[in-house]
Amino acid sequence: MQQVLPLALIRGEVIVEKPHDLFIPPEALEVILESFEGPLDLLLYLIRKQKFDILDMPIAPIATQYMKYIEVMKEIKMELAAEYLVMAAILMEIKSRLLLPKQAVEEEDGDPRAELVRRLQEYEVIKNAAQQLDQIPRLERDVFQVHAELAEDFQSAVFQTDVELHELVSALQGILKRTKAFEHHHIQKESLSTRERMALILEKLKRAATTTVAFVEFSELFTVNEGRQGVVVTFLAILELIKESLIECVQTQVFGQLRVRLPQ
Amino acid sequence: MTPADNKKFVQLVEAAFFVSEKPLSVKQLKTDLLVNYQVSHQQIRDVINELVIKYKDAGVNLVQVASGFRFETINALSNDLAFFIAKLSKEKAPKYSRALLETLALIAYKQPITRGEIEDIRGVAVSSYIMKTLLERNWVKIVGNKEVPGRPSLYATTKEFLDYFSLTSLSQLPELLPMTDLGVMDKTVAETV
Amino acid sequence: MTPADNKKFVQLVEAAFFVSEKPLSVKQLKTDLLVNYQVSHQQIRDVINELVIKYKDAGVNLVQVASGFRFETINALSNDLAFFIAKLSKEKAPKYSRALLETLALIAYKQPITRGEIEDIRGVAVSSYIMKTLLERNWVKIVGNKEVPGRPSLYATTKEFLDYFSLTSLSQLPELLPMTDLGVMDKTVAETV
């Protein structure tokens, strides 16, 4: 189950030897950092493969060695290297506490190695889980998604984005808040029917403009069966259109019919 | 070839058609898929024929097109699938931008209106894309031109717009609160007084 | 349902699986594909079972994953197809680093979990790149915040994660191995004595 540490080349030459303790030759640091997922991973490796004994670890050389790393770390993955330093510090602390008389140790919370061992065990479980996860057949590597094309004569239907009326209103209210353009325009239902009518009249005149006549009789713009209110709305719409110079009202002869057309 | 080998060979060709994005030719199957198998072009053609027959009555058929063979859905299902695909892609349909909604709202409430007028009120340019979307959606139409230099188009909403929002006329659009009610004027009025 | 209707119904469901980019659930088939047909959930489930059996020996199988059913190629063809796809698309399947897999395993087995907790167990910092990849692939999502100082995000896996690994639920994940004896304690205890 244990992964074999790849023997690596450094700058194409040096073959790194398997580490025998937490020392890592500074020139091999980068390679070691890439081979192991961190100090727990390295420690696990040392315990499993090298029969590494936390107790046997010499303290002084490690301290000297780790100082050298700091130099190397300036160039490479500093954060990761720092985690190895922390681990070395933990190990040294454990060792120093174990060297103390037994009574002094027991005053503390039990064996100082227990916490480290618990962490190592917990990490090993997850390391195995990750390896197993990697074995599960997965898309893109072991099984592949399939698809068929659509028939030659296939015509796609299109669903459009939905808009709610309140979204429209809040959009306009957003503008109102930003601008003063509407200061004097309290938009009322009556003015809206007028504006709607304005659009209708313009459309009617546009159609007429394509014919030879080019105008519409004033009276034709009114629909009598709309009742008085409808007539008023149309009239207001015509006035507003004239005011905005969107249409022209002409009379070809005195007392003749009023005619409406688009501006020439 | 043993029966077991033959079964795997058929499965492999079948799966290859299903994972390939493009039609596959006999030649391509031989060089890209079966390069390590001792199979002839004729054997591959036989397998393809076998698969064509196998899928004859299925929802997808193995059919020949210009550059080879591919699986495609049968014609009889086109309408149902068109609806289905539209439904699936609808979930992916992007929401309309605020700029588009504001433009639509301005056309609805201030029609007929030119693009320049919309830009004046919004304070920013209205992209052609927005106008195109609104026109394509049949929510707005051009009802004329304003008699000012450049004769800009005048936009208004359509009957489809009213239908979409279940309105019978524009006067059913919610009334907008006057500025004072929005709390913007209050302050200035108070200051003036 | 007449036999002809039933045949079309089966074909339609079959074709829908082949055109959909994602797994389809019974519910989704009913609302998005078969809304105009008078079919019950049970009838849809029966058709799916029928298709599962029909494709049992084919190069593609209809399989159940977390978010529904989908056709996928059979595992026995993985090497040939991986080679074929690499040839066609010039792309290799993404390979994930041990760091990413360990982080993913921790989220899968210990969810909901914070980044800090992941770092404690792994003994190294989790790179932002890994979290970004997992989130972008939609394999993990933030499900809340832990009520401790800093209110760190809590991560959990998604349905897409299960789909990707062809699992129907988290309970299908391989069982965790028991903690092993590292032999460190025994030895030192013996020495101390």
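Details
Here the chain labels run A, B and C in written order, and each chain numbers its own residues starting at 1.
Note that in this section contacts are C-beta pairs under 8 Å (C-beta built on N, C-alpha and C of every residue); 3 or more make two chains touch, one makes a residue touch a chain.
Here the structure is a predicted model, which means the values were calculated and not measured.
Here the chain at the heart of the shown protein, by mean C-alpha position, is A. Ranking every chain by how far its Cα centroid lies from the centroid of chain B, the top place goes to C. Put simply, the C-alpha centre of chain A and that of chain C have 21 angstrom between them.
Note: centroid distance chain B to chain C, computed from Cα atoms, is 28 Å.
If you average the Cα atoms of chain A and of chain B, the two centres end up 22 Å apart. Looking at chain A, residues 144-148, 150 sit in touch with two or more other chains. Multi-chain contact residues, meaning those touching two or more other chains, occur in chain C at positions 15, 18-19, 60, 71, 73-74, 81, 85. If you check the complex, the residues on chain B that touch chain C are 7-8, 10-16, 18-22, 32-33, 36, 57-60, 71, 73-74, 76-77, 80-81, 83-85, 87-88.
Residues of chain B that touch chain A in their complex: 15, 18-19, 60, 70-75, 77-78, 81-83, 85-87, 89-90, 93-96, 98, 101-102, 104-106, 108-112, 120-123, 137, 141, 143-148, 154, 156-157, 164-165, 167, 169-179, 182, 184-185. Taken in their complex, chain A has these residues touching chain B: 144-161, 163, 165-169, 171-183, 186-190, 192-193, 195-196, 198-199, 202-203, 205-206, 244-246, 262-263. On the side of chain A, the complex with chain C involves touching residues 37-41, 47, 53-55, 79-80, 83, 87, 98, 102, 111, 113-114, 117, 119-148, 150.
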